[in-house]
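Dropping the structures in below, format is structure tokens.
What follows is chain A paired twice: with chain B in the first complex and chain C in the second.
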Partner chain A sequence: MATTATLVKPKRGGRWSPWLFAIPALAVYVGFLVYPALSSLWFSLTNWDGLSATYKFVGLDNYFKLPQDPVVVEAVRNNLIWTVVTIAVPTVIGLLLAIALNGKVHGKPILRLIFYTPAVLPLVSIASIWGWLYNPQYGAINSFLRMIGLDGLAQAWLGQDSTALWAVMVPAIWLRTGFPMLLYLAALQGIPNELYEAATVDGATKWQQFWHVTMPSLRPAHYIVLALSLIDSFKVFDMIYAMTYGGPGTSTQVMGTWMYFNVFQYYQAGYGTAIAVVITLVAIAVGIPYVRSQTREAS
Partner chain B sequence: MTLTAQAPVELPLESTPSESPGPKGRRGLVMTLVLAVIALFWISPLALLVITAVRPLADFVGNGPLSWPDQLTWTNFKDAWGIGNFATTYKNSAILALIKVPLGVLVSAMLGFALAKLRMKFRRTVMFTVFLGLTIPIYITIVPVFIMMRSAGATDSIFGLIGPYLAFGIPFEVLVLQSFFRQLPDEIIEAARVDGAGDWRVFFTMILPLSVPALVTVAILDAVATWNEFLFALILLNSDAHKTIPVGLLNFQGQFANNNTGLAAGILIAVVPILIAYTLLQRWIVGGLTAGSLKG
Partner chain C sequence: MSTSYTRRGFLGLTSAAALGAGLSACTGGGASSGGGATQAASNNLRLFTYEGDETIGLLKAQVKKFDEQNGTTTTVDSLPGSGAAVYPDKLRTELLGGKGPDVWRIWGGQIGAPFAKAKQALDLSPYYSKYGWDAKINTQAIGGMTFEGMKAGVPFVSLGIGAWYNKSLFAKAGVSAPPKTYAELEAINDKLVAVGVTPAGLGGKYGWDIMRLFEYLLEHTAGPELHDKLLTGAESWDRPEVVEAFSLFKKWQDKKWLPQGALGLDPADIEPAYVQGKTAYTITGPWTEAAAILSAKKSSSAFGNFELPTDKTPARHSGFVEGYMINAKSGNADKAAALIDFIVQPATQKALQVTASTVKGAEPDPKTLPLAAEWAQKYGSNPFYTIQDQAFPKKQADQYFSVQSDLLQGKVAPDAAAKKMQEIVSAWAKS
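On to the complex of A and B.
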């Protein structure tokens, strides 16, 4: 094997050489991501409080406790609502914006720049901006409602159970619309004009063209948008933490924040990591088709 | 802003031939107007932030948040800069990004090269394992990472963040870079090998120079992610002297709860570098995001 290799491509390093290129990144990846993730599996089977030197192995106890924890039930529900809304709404708005921008419109670059801007801001700053807009007394949102005579609608958006989660989702939508828009825009530009010309010759209306030419051509883009948004939505933490701290009460807790509170506030590191393990397994299960498609693509 | 200067080098957005005036031209104008209104609405939180940051607090309280300022002032920025400790958090975030981003891009490019162009054993397994990192939420790792850093004495130091930041950046960077490297023709590499060049020389003198656009895009996206990261910074950094911008901003938000104009100035101070960088470099960001993901 060694001899054939040297015959085909005369070079130093031989079959070890690829690994020399691979090892720095792999070492960091395994050391700071794979290994910690796996050792969380172990901690989730213990009653460790996060501080003591000792702890006991408790088997699956932490996992059995999860369904009995009312906050976990609430967090799962919130995660589901969050996932559905922050995927569906930005995807639809993003697609509509992309279609509009793909038409005969002036100033496309600046429009596109504006719609994508929220996506580059730190989540904490987005939380600050919107927390400030939602301020019951001095916030722009209530001021606007009062200005147009809807005083009755002015309320403490982030301060009451009924509106808090929805109020946090608005900036998430604001932030997440830019990515589908960019992707759809690029995909729309890739659809050959002949398809539309042929459809027009066949007498298809604009509406029929949209459903029979545009939408089918966007299938790869739909797939990427959905896969990446799905993966992303399970990771929600920063926005909730910085905007409502899980409150009022526990009404905006999601699995990510509830895990954090258990570990760093209530000293239940074992239980907290069990929460993290559950949501990570769901995220991996959901993400695997995408990961496989990317791996297959590359081989 | 520099937008218009960049327009010509954009993706082929304006590829459709411009219409002569007529029904279509008018519809384009209506659409432009509709989109302009939506865009104005979309950017209004930031516009409002700017307007609030440059007016005195009394003016804001007296006239309400939606009024035009009577007076302009810079004192909000001065107050926010001092109290928000921004001199320190800026320095920390900048040092972190300057170390982390080049290092991350280099090791990711090396791995991407091995995966794309070298005959590596277990290639698919490695690839699958690394790409799987895209789905892993940060919080599954925070307890063990916290313990690791504590026993290494690296908590409360921005250097303790470098390892975890690198690890969570690698999957995306490798994904984009290996797909770019794959498109480089094998022939040039073979030709260089015939001339006696080893893998390292091929990598540094051919692959990297040919991949500058992809490297720049990945570096920019990685810099944005590094600048914005919150969770690791929150759990690993305690003292004000070591905080990064996002964690510093959160503290600041609490202190300025009743000073709306100061708060607006502080938020602006935190986001202006990102906004400027984004405006100047948007061509790379847009191109990289769409190319990187649509190829899949």
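On to the complex of A and C.
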């Protein structure tokens, strides 16, 4: 401890030296992130249409309108469903794949590549591919169902409220499974073999080893996977926009797309920015445990 | 201690800043509210458009010709295939960034209106006088780009929406001629379904494509005068004619005259299906000849078009205008107006192969675009009603599309749909 303190203790400039070194990076943050964010916060208190040179200050009116907007209610509900499903399913599948790939499996690098490839594909391509797969008349999914005699299950997957959101979640799960898989795989490889050997000597079954050795050792990975997935899920925009455009009707609207529609399509930038502020506050709230865990580790 | 505090502080600060990035990204960092001051005058112009691959080369060639004659250098940027759902957003962002184009192409009606209302588009009245555009361009089309008395755009194309069909599929169903009445159209649909062909290839993603069917049905049930009043909110939508139109709309789906799961289909995929032989026809405009038929290397002679029969007088079809606006902050407004005047010359319009020009003397060439020429000759002079996604602002149009969607899914009945439409339109009319 004494050595560390001696090494980093500045001789000149006192406690301000670290801030001086940070100024270039902070300037970039302030100029390109903090300032626009504060500007956006300001516009959320106005009735700006997003195009005109003038606007009026309306206080918190835009925020009061939010709970009265039926699409916002629908979007929040969709966000919650999306968040739960697209975190739980890829995380569980990613963990199972990581455990499988961590064992003695032939062609491990190829399998890793296959499972991770969807994550690097452009989202618009994924949306197009799945849009074709879901085509009610000519799509591969309905064709397959009809081929095996399950005609009754063939649906207009993206064309009805009851299935549209779930149909969009399938490719989202497909593309998001690779990320937790890689993180868990790296974490699994960091678990000392001695722990398993000791557990075996103590007579622990494979299932007991999983719950009492593997899972506790993966705790840091769980933090990262859950926190990043949570933030990512709440900010969902692209898949919905590309696959359903928020429809049919407004049945697949989420907060991100509804913000976009208001700011960029309805010329209600003030109201749309209020939605953006709410999204950001929620993202910050769910991100706090992650930030705290990181700062705790750093200290 | 001080080292620990500093590291934690910085880490926390950067993490918080990273989260704050979400907010700035969500709003595009839009701190500017006016798009900056008037740009400096120069010989450099920029034109922003949404020409497709099949016509952008023609436009660039004509613009180059203009540059050679006027000593200007014009950059042409295009965002092809995006449609009215995306292109205006890009334009708006450019204008707010202070680097907006000098000239841009835009649709008329409620899509172009916000740019005039926000005074981003220049009042072109002085240039109308200078170049005599009032005498050269179709008066009804000019009306489509005039907002609250301000001539904010110069329309160069006036497009009519009709049915474009595959002759071989009509023949397969034993149909020898296009329908003359609505009853005949329904009979044709039944014949097509009987031979396993989906009649109308329309898609509900975005809402505007399948809307073309409903607006036609409304013209059929309400007639021209009432239809026009409905679009402006001058008459209530909660009435029998509208209920009947919604009932027919549902009927088209229930009788499988629309593709299965039409609501989820992308117009870009389903519209050209009539060229591919998967549907018998679609409801679209003359651009389909170049964009769908000729680009698929098919002969125009295998296809035909007809005005959807309304059984009303005068016979009308859906239509809209597109034209050019000038940036109110452009330092080159005079040169931009000269460029527009060059573009709306009959010779330039012909060179651009504009399929439905508003310019007198620039009718489409039957040799290159026979079907578009046929449409112009047969129906081009017929009056048209404003296409509904231009009649309403985007927000109200989307609400209207939601009503269509709910109706087709059976979530609301036709009479409830009519009531809901009245709520939407009256709220807009009052605002």
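Throughout what follows, the second predicted complex is superposed on the first by the 264 of 299 C-alpha atoms of A that agree within 3 Å, B and C clash if a C-alpha of one lies under 4 Å from a C-alpha of the other, contacts with A are read in each partner's own complex, and residues count from 1 in each chain.
The rule we apply is simple: a residue touches a chain if its C-beta (ideal position, glycine included) is under 8 Å from a C-beta of that chain, and two chains touch if they have at least 3 such contacts.
Quick caveat, the model's predicted, so the values are computed rather than measured.
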item	value
Chain C versus chain B on the shared chain A, clash or fit after superposition	clash
Partner chain(s) touched by A:Tyr271 [first = chain B, second = chain C, both, neither]	neither
Touched partner set for A:Trp258, first chain B, second chain C, both or neither	neither
First (chain B), second (chain C), both or neither touched by A:Lys104	first
Greater residue coverage of chain A in the superposed arrangement, chain B or chain C	B
First, second, both or neither for A:Asp49, with chain B first and chain C second	second
Touching partner for A:Leu121 - first (chain B), second (chain C), both, neither	first
Which superposed partner A:Leu183 touches (first chain B, second chain C, both, neither)	first
Touched partner set for A:Trp82, first chain B, second chain C, both or neither	neither
Stretch in clash, chain B with chain C, out of 6-14, 150-158, 186-194 or 222-230	150-158
Touching both chain B and chain C, residues of chain A	9, 15, 18, 22, 25-26, 29, 32-37, 39-40, 43, 50, 131-132, 135, 138, 231, 235, 256, 259, 263-264, 269, 272-273, 276-277, 279-280, 283-284, 287, 290-291, 294-295, 298-299
Chain B-touching residues of chain A, taken from the complex the two chains share	9-13, 15, 17-19, 21-22, 24-26, 28-29, 31-37, 39-40, 43, 50, 97, 100-101, 103-118, 120-125, 128-133, 135, 138-140, 143-144, 147, 174, 179, 182-183, 185-187, 189-190, 220-221, 224, 228, 231, 234-235, 237-238, 241-242, 256, 259-260, 263-264, 269, 272-273, 276-277, 279-280, 283-284, 286-288, 290-295, 297-299
In the complex with chain A, residue positions of chain B that touch it	3-4, 6-7, 10-16, 18-19, 24-25, 27-29, 31-32, 34-36, 38-39, 42-43, 45-46, 48-49, 60-61, 64-66, 107-108, 110-111, 113-116, 118-121, 123-124, 126-145, 148, 163-164, 166-168, 170-171, 174-175, 178-179, 182, 190, 193-194, 196-200, 203, 224, 227-228, 230-231, 234-235, 245-247, 249-250, 253, 260, 263-264, 267, 270-271, 274-275, 278-279, 282, 285-286, 289-290, 293-296
Complex contacts: residues of chain C adjacent to chain A	2-4, 6-8, 10-17, 19-24, 26-31, 33-35, 85, 88-89, 92-93, 95-96, 114-115, 117-120, 198, 204-207, 259-266, 269, 278, 393-395, 398, 401-402, 405-406, 409, 411
Of all residues in chain A, those that touch chain C in their complex	4-5, 8-9, 15, 18, 22, 25-26, 29, 32-37, 39-41, 43, 48-55, 131-132, 134-138, 155-161, 164, 231, 235, 244-245, 247-251, 256, 259, 261, 263-269, 272-273, 276-277, 279-280, 283-284, 287, 290-291, 294-295, 298-299
